[in-house]
Structure formats: structure tokens, C-alpha cells
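Below are two complexes that have chain A in common, paired first with chain B and then with chain C.
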Partner chain A sequence: MEFEVLMNTVGFPLIKILILLGVVLTCVAYTVYVERRLLGFFQSRLGPNRVGPFGLVQPIADGVKLFLKEDLVPLFARRFIFKLAPIFAMAPALVGFSIVTFAPNWVGADGTEHSFVVADVNIGILFLLAITSLGVFGIILGGWSSGSKYPLFGSLRSASQMLSYEIPLTLSVLAVILMAGSFRLSDITEAQQQFFGTRGLYYIVPLILAFAVYLISAVAETNRTPFDLPEGESEIIGFHTEYSGMRFAFFFMGEYANIVLVSCVGTALFLGGYDIPFVSDAALYASHPQLTSILSLASFAAKCSLFIFFYIWIRATFPRYRYDHLLKIGWKVLLPISLVNLLLVAAIKAWPHFQDWLGGAAG
Partner chain B sequence: MQRFLRMITFPELREGLGVTLKWFVRPKVTEVYPDRRPVLPYRTKHRLHVEIETCISCGQCEKACPEGCIKVIKPPKEVFKEDKRPQEFFLSLDHCLYCGQCQDSCPTGSIHHSDEWELAAYSFKEYLFDKETLPYDLEKKRYRENFWGNVEDKTGG
Partner chain C sequence: MDQSNLNASGTSPLHKALETRSMELNFGPQHPATHGVYRAILELDGERIVGLDSVIGYLHRGIEKWAEYRTWSNCTPIFDRLDYLAAVINCHGYVGAVEKLLGVEVPKKAQYMRVVCDELNRIASHLIWLGTHALDIGAMTMLFYPMREREVIMDLFESMFGGRLLPNAYPVGGVRLDFPKGWEKACRSFLADLPDRIDDYEKLLTGNRMWVQRTKDVGVVSAEEAIDLGLSGPTLRGSGVYFDVRKAMPYSSYEDFDFEIPLGENGDVFDRYICRIREMRQSARIILQALDGMPEGDLKGKVSKIIKPPAGEAYFTVEGSKGQLGFYLVSDGGKNPWRCHVRSPSFVNLQGMETMCKDGLVADVVAVIGSLDIVLGEIDR
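Entry: the complex of A and B
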């Protein structure tokens, strides 16, 4: 009895966390590989294909290289904060995965259910927004503590960018929350399954505006091209100029973990999450629960991959925005659009109550 | 209204995405060199090859070479009457311009540019050839024969 309680409160979550960390970090490493490979394809090249079959061992080679690199700390850096900043950049992205529901519950042989989520908290989205906001600290602290003026300017740029784009992002997510009526990601997925009959129409259709805003501001949040001013891979000097070796790798992996996270959340919010397209999930889950879990997981992964592919596609296509244009889009275009969209969704959701109220007033 | 439609459908962005997607599905231009060897064009000129057996030590190639990288040494007179093959044939390939004048001037077609093109070496000394090292494995190189036809025909048997 004691053991079971301990297992349910500590053991299973811990195992889930370890599995999730392993999967996510592998995904992050291979997102880097896939991005390089696909960018190569987009530019009529082949990309990295020398290490192992199809270059699949490339992430490991990159990791070994970064591990073996010298880890420099500049003379005038604030040493403690300088070393803390990469962790601040990476940890929030990884913590954010804890609320993402990847599949419906796994029904074991003895009837016990295990959920495909570390913590299915009822304030999931709020928690996620709060945690991902912390990611900007890594950038600010990293740039400031480097003791060099260019990283400082880079971090100032990226701080204002990320703070500006967090608002449209949050507002676009709020529209989904209004539609679904819950902060919990699994509830939102189920609401999408029940939305408009039982199958096939996800929130991307009615909330296309919110989806567009989410897509653009998510690109800006994760510092990707065309909004990659914080780093500016080749031209601008970014916030992590003074970092090398493993600390730089932490920033890098944090960025890619953010991409995977944003793709997962976007999938859950707009693309129906783990719902299997063209199939009535509830009926299938009732008859074959384990098969449904696996298929749902595959469906989620496929949708997430689509999202990431779109990211890479955007990166291969668009040139970088000028800084004032970037802020202008954020404040003058995306924010009004998301506000209007939120208002519309609220009006549609409130319409029945409004009618009741009107009827009551008339009668 | 039309302007508004244009505005919200982002034709420029869609066009850009379409262009990149077109390149995404096209065949790639990268040469996968060691795995897949390139097909050399017709009349390609690479490392010089000399067939010592048919050479008559006339020295025309030596005279024609603008860089002076060929040195033919005739055998002594009494040997030359019987056997016209050169006593020694030196070539310094690092001077070679690949101009093809030696193969144009050769009366017997013994010297010619071959299709052996992987010539990277660690030292310039590896570019110095003599009679022993100058010919290379003929089995591998059929291209030259297609180009020059039969050497016997050219030299009149």
C-alpha cells in the first residue's frame, strides 16, 4: 500500500519526466539535423549526409564537438549570472512540455490508466505562458552579464521583441481558451474532437485569424527567421556572442526546444492535438484503447512535424525583417487583429446568453 | 474589396513560399563525389599518358611543349636503329598546362591526355614521372581508345 502510494505520487511522474526529457532532447537534437537537411533541400543542396546513414549521427557529432570545445568566460563578465543564463534559457522550454498531452490515457492490462502527460493541470495554458515568459530572462541575463556592449544591445533588442510578441501570442491563445472553455490542454483537444459534429474540423478553421497570429508571434517568440534579430546568425551580433562550447549549446538547444514546444502547443490548440483525423476517436478508444493511444501519439507527432516543417520552410523563404518593422507588425497589426478576433469569439460564444437576456428583458 | 482580398491573402508571401517549395522537390545539384563519380565530358584532358611501346623518340612533344615539362632521351645510335623506344622519358606534371599541344604534335599518337583526373598529391615530387611511372593502367581507361581510335591504325600497323 505504502509502495503504491509512493509510486503514484512520485514514481510514475518521475519516470514520465525522464522519458519525456529523453524524447524531447532527442527531438531537439534531430530538429537541428532535420532543419539543416531540409534547408539544404530548399537550397538545392543535400545538407549533412556524411555521418552515418543519411547523416543521422550528425547531432551526436555536433554534441561531441560542442562538449569538447573550450568554455570561455570573458574577463569582465558577471561570472555567476553568465553561467546561470544558459540554464535560464533552456529550462523553461523543457518545463513547458510537462503540460502537453500527447495521447489519450494508456489503459494497462490490469485496467489502470496512465496519462501521456506529466502534469495535466487545470491551468495548463496559463502555466505554459508563465513559464515560457521566463525564457526571456536567459537572453537578458546572458547579454547583460557578458560584459560586452554588443551582446547587451542584442539582448535589449530581443527582450523588447519577445515582450512585444508575447501579448499577441497570449491573446490568440485566449481565443482558443474561450472556444474550448478550459485551460487544460487535454480538454481543449477533446473540445476540438466534439466541435462541429464529432470529427474533422479543428479550431484552425474557425480561428484562422488566431492561428495566423499564433504562427507569426510564435516565430518571433522563438527568434526564428524572419524575426531572428536577437541572434542574427550571420550579420547581426546577438546576445550569445560571448558564449562558447556547452553554454552556447544550451542557448541553441533552448531555442530548438522552444520550437518543438511551440509546435506541440500549436498542434494541441489549433490542429486538434492528438485527435486522429477522419476517425471518430471516442468510438475507437472505447473498442481499442491501446491502439488508439499509439495512433494518437503518431498523429500528434505527424502534426507537430508538419508544424516544424512549416517553420523551416518559412526560414528558407523569407529574409529578415528590419527592427522597426518587426515592432510595428507586433504592435500595430498583430495586437489589433488578435484583439478583434478575441472580441468576435467572445461575441459568438456569448450570443445564446445574450439572446436569453434579450428575451428576458422583452418578456 | 479586391484590394482587401489581396491584402489578407498575402500573394507575395505565397509566391515566395511556392518558389522555395519548387526548389525543395527539384533534384539537387550537389555532386556526391566519392560515392558517385562524375561522368567526364568527351575530349576531356587530364594527366598525360605515354605509350612507351609505340613512341619513336622523335622529340616533337618536347619541342611543342610551351612549358618545357617533357624531356625525351633517345637511346644510343646503334640501339636506335633496332629499337626506337626512348631510353628515358621525363614529365613534370606540375608544370603541365593541359594545352594538348604534345598530343597534337605526336606523329604516332603515343602521348595523349588521359581521363585520369584525381591527381591530388602530398608533394610536387609525386608529379615527376619517368618511363616506368608514366604509363598507367590501360585496362581502366577505355575512354582514350574511343577518342583516338585504334593506335595501330593511326601508326599504320
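Entry: the complex of A and C
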């Protein structure tokens, strides 16, 4: 009896966390591989194809290489913060995955249900926004503590960029929350499944403006081209100029973990999450629960890949924005759009209540 | 911020704490966007540039002095290493100066062949410029597309001269060999493809809002300033000044060909970009005309095996891919140059850096360096 309680409170979550970490880190490593391959194809070259079949072992080789590299700490660096910063950059991105619901509950042979989420908390999105905004500290502290001017520029740029784009991002997410009426990602997915008929209509259709804002702000939040100013290879080399070996790899993996995270969250918020397209999920789940779970997981992964492909695509296409243009877009374009969108959604949602109130007032 | 003002009133601890200083930033010599070992000392107020100081000389190899120890005909390979992206045109400049000293008439066929190779090299140089310039501004895919086209030109050079990047193209007096078999066909098929490819580049960049925002009204230099600074080539023509050595002082039968000199209006990075893009199209036009009108005749004028020009001096200038490239040679009648001086376009164009970058942002420095199309081998010599 006690063992069962212990398993349910500590054991299963711990196993889930380990599995999730493994899956996410593998995904991150292979996102890098896929990006390099795709960029190669975009740029009329092949990309990494030497290590293993189709270069599939390349991420492991890269990891080993970075692991074996010398870990340099510059003379003028503030050592403690310098060493702490990479962890700050990577940890929030990984913690963020804990609230993502990847599939409907798995029904075991004995009828018990296991959820595909580490912590299905009712403030999921709030928690996510809070945690991911911590990631900027890794960049700011890393750049500042390096004791070097180029990284300082990187961290300064990053601070203003992340602050500016956090707001439109949050506002666009708020619109979804208003539509679904819940902060919980699984609720939002279910709301989309039942929205406009039983087969579901994803929020990308009614909230296309919010989706556009989310997409752009997410690119900026993850410091990707065309908003890769904190890195800005050809201008200021980047906030991680002074980092080497595994510490650099932490920044690198943090960035890609963030990409996967915003893709997952974007999928959950706008593309119906784990919903299987063109099928009534609830009916399928009632008859074949396990099959639905697997198909849902695949559907989620496919939608997520679309997001990631989009990020790689724009990286291959666009030049980099300049600092002042970037801030202009954030404050003068995205913020008003997301505010108007939020007001519209709020007005539509409030309309029935307003009518009630009017009716009540008249009566 | 006016520092004297702050200091005058700033005796209190608060003023001391609030006192700001501009920051110095070493931009290079090891920097991915300086196109070599160029170093700019930037004085920055935040990201805004208050002052810029160019430091050069990291690639100094003493080529001009070195030439004094080599025979007249052995000098050509070392001048390839000035502007290593347009080695053929460099070689043309040098042999042109020697021919002027000698008073040799270059046969018409050799002149036409030189025009073909020069213009091919100009296209190759501009393609490299386009790729690196776009990469500096962040459009990384644009690095690879021009490289693909440039590869064809390098192959053409290889079959023509034996070398690719530094082919040691011309001997004094003409050209070494006629075009190899099938060369003209390969060249024509490349030229037939080129306009489409340039259209592709323009689709990616010219109409791209981000590209336009990054380049329009950035690094502006007015026509008067450009002339005062002695700028030349596309960097000058971007400001709307009609000057091209090929038109102003035609050499090697350039007067025979019908081509336009593209001009900009505002003298910003975008105009210089557009000028070079259009120049590639014009170069293709010139090559086609030269191939069509290729005369028959000798490949080389009458030049003795051991060259000993009569005592005297000569200045010969060609339109390099970066601007006006001049060679000043002094002969004392001996078998090697007594004095050699190169007027390299990149060196002079670099003077424009401060004018163009002032009051810009750090990101603009990268755009401006790209738009100047400097080659450090030519600046430091």
C-alpha cells in the first residue's frame, strides 16, 4: 500500500521526467541535424552526411566533440556567474516541457489512466511564460560576465529584444486562453476539439492574427534569424563568444530546446495540439483508446515538425533585422495587433453576457 | 553626450556616478565581417558610432618593393595577389603599364580576349561580393548561390589559364594561348544562364523589405564627398557620378563595345548594391559582344624574350572590379622595375568608411564594409 502511494507521488513522475528529458534532448539534437541538412538542401549543398547513414550519427559526434573540448574561462570573467549562465539558459527551456500535453491519457490493461504530461497543472500557460522568461537571464548573465565587449553587446541586445517580444507573445497567448477559458494545455486542446462541431476547428482559423503574432514573437524569443541579433554572427559574434566546450553546448541546446518548446506550445495553442485532423477524436478514443493515444502523439509530432520546418525555412531565406527596426516592429506593429486582437476576442466572448445584462437591465 | 558639460557641473557624487563615457570597440582584425584583416576602432555611444578609425597593414607583403627585385615578366604573378578576387584584371593593369613603357601594340584579337577574361573576372568578383555582403547582413543562403555560378567562371579560367583564383593570366604583349576547344561554347552557355540567376538573387534581396531596410539610407556618401574622397568604381557610381575608366579612358578596345554604366542616386548601401548587380549584367553584354566580334590575328605583339623597357615612366589604369586600378612603373632601362606603385581602388575607397559609418549603428558598419567591397590584399599590398 505504501509502496503504491510512493510510486504514484514520486516514482511515476520521476520516470516520466526522465523519459521526457531523454526524448526532448534527442529531439533537440536531431533538430540541429535536421536544420543543417535542410539548410544544406536550401543552399544547393548536402549538409552533414558523412557520420553514419545520412549523417544521422552527426549529433552524437558533435556532442562528443564539444564534451571533450577544453573548458575556457576568460581572465576577466566573473567566474561564478560565467559558469552559472549556461545552466540558466538551458534549464528553463527544459522545465517548460513539463506542462506540455503530448497525447490523451494512456489507458492501461487494468483500466488505469496514465497521462502524457509531467505536471498537468491548472496554471500551465502562466507557469510556462514565467519559466521561459527566466531564460533571458542565462543570456544576459552569460554575456555580461564574460568580461568582453562583444558578448556584452549581445546580452544588451538580447535583454531589450526579449522584453519587447515577451509582451506581444503573452498577449497573443492570452487570446487563446480567453477562447478556451483555461490555462491548462490539455483543456485548450480539448476546447479546440469541440470547437465548431465534433471534428474540431483549430484556433489558427479564428485567431489567425494571434497566430501570426505568436509565430513572429516566438522567432524573436528564441533568437532565430531574422531576429538573431544577440548572436548576430557577422556583427557581434554573439553573447556566447567567450564560451567553449560543454558550456557553449548548453547555450546551443538551450536555444534549440526553446525552438522545440515554442513549436510544441504553438501546436497546442493554435494547431489543435494532439488532435488528429479530420477525425472525431472523442469517438475514436471511446472505442480505441490506446490507438488514439499513439496516433495523437504522431499527430502532435507532425504538427510540431511543421513549426520547426518553418523556422528553418525562414532562417534560410531572410537577412537579419537591425536593432532599431526590430524594436520598432515589436512595439509599433506586433503590440498593437495583439492588443486589438485580444480586445476583439474579449468582446466576442463577452457578447452573450452583455446581451444578458442588457436584457436584465431592460427587464 | 556632451562630456565637458557634464564634467563642469558634475562635482557631486551623483554626477560622477551618472557620467558616461563612449566605449571603444575593436572591430577586427579577427572579425568574420571585415573581409580579411581590416581593423576598425569604433568609438561607440551605445550602439551608435561616434568615431571610426581604420587600421590597416596586417596583410602587408611589400609587393611593390618585391617587384623591384623581379624581372619585368616575372612580376605578373605577384600582382595577382593584390586583389585576389580579380587577379586577371590586376594582371591586365600591370602588363598594360609595361606595354605602355615598351610602346608595344597589342593585337586586336588579344585585346578582345583580354576584355572577355577581364569581364568574366569582374562578374566572378562581384559574385563573391554579393555572397559575402548578403551573408554579412544575415542572408546566409545568398552566400551559396553566387558561389555556384562563380565556380563555372573558375572552371573556365582553369581551362584557359591553368589556374583558377590566381591564374597569372597575361604575358606582356598579348595573351598566351587562344581559347581552348569548346571554351567559347561553355562561356556562352554560362552567359545565357547568368541573367536568370541574377534575377533569382534579386528576388531574394532587392524586393525583400528586410534587405531594403538594412541597406537604404545606410552609409550615405554624397556625390561631392565621393569625389573628394577619391572613391572610384561602383562605390563612386552608387553616388551618381558617371565615371568609369572603360568609358572615360578606354583601353583594350573597350570603345568598340556598347554597354551602359549603371548609376545610383543616393549613394547608400542599396545603390551600391544595385550598381554592382547591374554591372554584372552589363559585363555579360560586353563578353557576348567581344565573343561575337572576335577578330582573327596574332595573339601577341612583338616583345623580346628578355624585357628591358627604355628608361622612363608610365601610368596605366584599368577599371578593376573594385574601382580605378592604376599601375605606375618607372624603368631605368634595366631588367627589373626601378619603382612600382599601385593605385589600388580598395585602399582609396576605404577612406570613405568614416563618412559612411558616422552616426550609424554597429550593424551598419558591417553593411558598409560589404558595400565597399574591399579586399585587404589590395589595401595592404
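The working rule: the second predicted complex is superposed on the first by the 360 of 363 C-alpha atoms of A that agree within 3 Å, B and C clash if a C-alpha of one lies under 4 Å from a C-alpha of the other, contacts with A are read in each partner's own complex, and residues count from 1 in each chain.
Here is the rule we use: contacts are C-beta pairs under 8 Å (C-beta built on N, C-alpha and C of every residue); 3 or more make two chains touch, one makes a residue touch a chain.
Predicted, not measured: the structure shown is a model, and the values here were computed from it.
Novice: Between chain B (first) and chain C (second), which, if any, makes contact with A:Ala29: first, second, both or neither?
Specialist: neither
Novice: Once the shared chain is lined up, is A:Trp313 touching chain B (first), chain C (second), both, or neither of them?
Specialist: It touches chain B, and chain C stays clear.
Novice: Tell me the contact category for A:Leu46 with respect to chain B and chain C: first, second, both or neither.
Specialist: first
Novice: One more residue to check, A:Arg322. First (chain B), second (chain C), both or neither?
Specialist: second
Novice: Could you tell me if A:Met246 is touching chain B, chain C, both of them or neither one (first, second, both, neither)?
Specialist: The answer is neither, since A:Met246 touches no partner chain.
Novice: Regarding the shared-chain residue A:Phe153, is it in contact with chain B (first), chain C (second), both, or neither?
Specialist: Only chain C is touched by A:Phe153; chain B is not.
Novice: After superposition on the shared chain, which partner residues are touched by A:Thr225: those of chain B (first), chain C (second), both, or neither?
Specialist: second
Novice: Thinking of the overlay built on chain A, is A:Ile87 touched by chain B (first), by chain C (second), by both, or by neither?
Specialist: So A:Ile87 meets neither chain B nor chain C here.
Novice: If you tally the residues of chain A touched by each partner, is the higher count for chain B or for chain C?
Specialist: On the superposition, C touches more of the residues of chain A.
Novice: Which chain A residues are contacted by chain C in one complex and by chain B in the other?
Specialist: 42-45, 316-318
Novice: So in the complex, which bits of chain A are touching chain B?
Specialist: Counting only chain A, the residues touching chain B are 38, 40-46, 49, 313-314, 316-318.
Novice: Which residues of chain B touch chain A in the complex?
Specialist: 13, 16-17, 19-21, 23-24, 26, 28-30, 32
Novice: Please output the residues of chain C touching chain A within their complex, sorted ascending.
Specialist: My answer: residues 23, 25-26, 31-33, 47, 134-141, 143-145, 148, 204-205, 208, 210-211, 213-214, 361-364, 366.
Novice: Can you tell me which positions in chain A touch chain C when the two form their complex?
Specialist: 39, 42-45, 149-150, 153, 225-226, 228-229, 232-237, 315-325
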